[in-house]
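Letters are used for the chains, namely A, B, C and D, taken in the order the chains are written, and counting of residues starts over at 1 for each.
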Amino acid sequence: MIEQLREAVCGLHAELVRYNLVAWTAGNVSGRVPGEDLFVIKPSGVSYDDLTPASMVVCDLDGNVVEGEHAPSSDTAAHAYVYRHMPEVGGVVHTHSTYASAWAARGEPIPCVLTAMADEFGGEIPIGPFALIGGDDIGRGIVAVLSGHRSPAVLMQNHGVFTIGASAKAAVKAAVMCEDVARTVHVSRQLGEPLPIKQDDVDRLYDRYQNVYGQRSSR
Amino acid sequence: MIEQLREAVCGLHAELVRYNLVAWTAGNVSGRVPGEDLFVIKPSGVSYDDLTPASMVVCDLDGNVVEGEHAPSSDTAAHAYVYRHMPEVGGVVHTHSTYASAWAARGEPIPCVLTAMADEFGGEIPIGPFALIGGDDIGRGIVAVLSGHRSPAVLMQNHGVFTIGASAKAAVKAAVMCEDVARTVHVSRQLGEPLPIKQDDVDRLYDRYQNVYGQRSSR
Amino acid sequence: MIEQLREAVCGLHAELVRYNLVAWTAGNVSGRVPGEDLFVIKPSGVSYDDLTPASMVVCDLDGNVVEGEHAPSSDTAAHAYVYRHMPEVGGVVHTHSTYASAWAARGEPIPCVLTAMADEFGGEIPIGPFALIGGDDIGRGIVAVLSGHRSPAVLMQNHGVFTIGASAKAAVKAAVMCEDVARTVHVSRQLGEPLPIKQDDVDRLYDRYQNVYGQRSSR
Amino acid sequence: MIEQLREAVCGLHAELVRYNLVAWTAGNVSGRVPGEDLFVIKPSGVSYDDLTPASMVVCDLDGNVVEGEHAPSSDTAAHAYVYRHMPEVGGVVHTHSTYASAWAARGEPIPCVLTAMADEFGGEIPIGPFALIGGDDIGRGIVAVLSGHRSPAVLMQNHGVFTIGASAKAAVKAAVMCEDVARTVHVSRQLGEPLPIKQDDVDRLYDRYQNVYGQRSSR
């Protein structure tokens, strides 16, 4: 089970690279081990080219290393906090992707002006607090904003994005779509004001997408 | 015949990826089966890497699945509506490409300020209505705008782009060129007002391009 | 000799693709056959993936096909005009690259605010007239602007870029560098006014670069 | 030893290409030979595809060629000046990367509004003077700005970026991260004013990142 998850989490980092969400080593994916109080996460400071399933680090929900030769990602405490406080979460992703981080640097949520945003995020993408690394502040900020929120993505002020999902893959999808809509809405606003979508329509789109879209097996 | 079309439609999705028109699974190509009331379309929620000719879905012109193990694209109803009402159309493409969607979010047509736009689109790229997925509204909007219009592309408000063509390949070309000119005109307008092209010149360029350009076999 | 040039011109189109200067089939390279009144150019409407040395078209300086099974690029008349009137030119490139075309759509030259521009272009990149395809108007515009000008690139109004060089490779380099500086100066001006470089310094940089830079063999 | 460094310096140029920091041949990496008054640098005017360890040039700290068949990079004097005056520097990188050069063209430092900037640069990324190539002016400008500065990157006015590091790899990382934050802060400022980070917090982030982050072996 853990071996499969090591492989999956390792492989999903390639999607961060493919979609240009990360520079050098600045982004990480983790996945919860089903049925255990453990998660698998990227090692710290290792380049994406050099990642292997064996180099992934297994941590407990306090962020202590249980298995692995490398130090875990410097963002491990934030991932751990999310897994401890949001039992429905099976995957967490963190990036400094350009457009999402640009909204985050202004402390400004991304308004829901695209049907794709209504589909995936159910409304605006919210802002989390400024928080320093090194304790539970980042994790606490993520959980405070995302608990009970439709959006699987939060823009941490002056920092970057954290996304959650039922699986590591779902969290990666949210990270990819977050940057995609962050860019499109940015570009749209550069030359004027995007038209709002009525709340009723946002609700209908969100409900439909969560319940109808995709092959059953790929959800 | 259908086998060739499955292969062609499958392969054309690689062009959407190559030109960065799509993120994750958010874009689709379809092609009409010549001489039959059928079309071939992308399966829903399947990643571009995993598409195979066999995974393509064959639908009738009401959007019902005739052949295929997957559910068809969630945009199938819109494609079907276009094929039902525009018999000259042999291919349809839908994307949320960044710059085109940015114009769409403002509900603003792209003005014809490039000779390449006059060539391909014969003038501005028009805006279609805001429409919810799940019925015929999107298809109706596309057909209402594109019937009798020179442009093979319509920007659906707050949504994205639909393009049509005599073949699936021609519709893909229109999607690629639409994003290309959407980006160039956007960039141009960021620092001032692009110079208009006189209507007479637009007409001359459009006429020449439609009738002279390219190898006969590649039209 | 012509065989080598077919191969070189064919291969140089890959640089247009690599540097994202072209979408679909909208860009072309040509090279003059040394010592003969001939040049080799891309066939019209053929995709970059499908180009082969054998598919290149050989034309005389009036743009008539001398050798080749395909029709030559629809921009052949402009290339031919340049070769006829600028005997020092050994290569011509045409693209609709995004940032250069954005300046062209406003009819605005790119100011020389980067040392790399002083090096390569010796000053601003100039604007050529609006001209319709189909006769000698485009070629005449290119030659009128570039004759005696330091810049190997001209932005044709509402259209795109033409570059020239002693060889096809040099013209491709000019096209790559033109888009690069068009983008950097655009980005710089988005947030304020770039600082000018004094004319004396532009002159010194241009002189040094033209006479000192690079391996002798790669000039 | 020199053979290993030739290989490392050669290979690191691929990172400049991968992260789109360079067009054509406009960027270079060098590395100091440990324990000797020598450094290894890119040959001038050679394309990145054609670089081999054997084509790298070995120079003394005055920039004279000691080993190598090619002329060294035209920026060799600047690299040499840095090695002569900053003994702690083991690698130097120069690029004209788009966003960093755009700030440089306005003569404007990049404000520290991202935690990733606090981590890597310890504050703003500073501006160096306008300086002509051909003597020690560029090197002098780099050393004057970076000596005693936290930032390993300096934006040379109207020119581009120079970065330094304990090794060639560290200098490349600084060049990659410099462009990344230059782009994000640019994008953020396009739609408003990014929120400042308090100096205390910048200091805490910088201190932690320099002392805690990454695998010990990869620092």
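Just so we're on the same page, contacts are C-beta pairs under 8 Å (C-beta built on N, C-alpha and C of every residue); 3 or more make two chains touch, one makes a residue touch a chain.
As the structure is a computational prediction, the values presented were derived from the model and not from experiment.
Chemist: Counting hops between chains that touch, how far apart are chain B and chain D?
Modeler: 2
Chemist: Can you name the chain that lies farthest from chain A, using the mean of each chain's Cα atoms as its centre?
Modeler: The chain farthest from chain A, judged by C-alpha centres, is C.
Chemist: Through what angle, to the nearest 5 degrees, does chain A rotate to match chain C on its C-alpha atoms?
Modeler: 180
Chemist: Between copies chain B and chain C, are the contact residues mostly the same numbers or mostly different, with half as the line?
Modeler: Different-residue interface.
Chemist: So, what's the distance in Å between the C-alpha centres of chain C and chain A?
Modeler: 44
Chemist: Can you check how far apart chain A and chain D are, centre to centre, with Cα atoms defining each centre and the answer in Å?
Modeler: 31
Chemist: Find every residue in chain A that makes contact with two or more other chains and list them.
Modeler: Touching at least two other chains: 190.
Chemist: Please list each pair of chains that are touching.
Modeler: Inter-chain contacts occur between A-B, A-D, B-C, C-D.
Chemist: Quick check: in the complex, which residue numbers of chain D touch chain C?
Modeler: These residues of chain D touch chain C: 23-26, 43-46, 70-71, 74, 96, 98-99, 101-103, 105-108, 130, 132-134, 157-160, 186, 189-190.
Chemist: For a test of understanding, state which residues of chain D touch chain A in their complex under the given definition.
Modeler: Touching chain A: residues 19, 113-116, 173, 176-177, 180, 183-185, 187-188, 190-195, 197, 201, 204-205, 208, 212-215, 218-219 of chain D.
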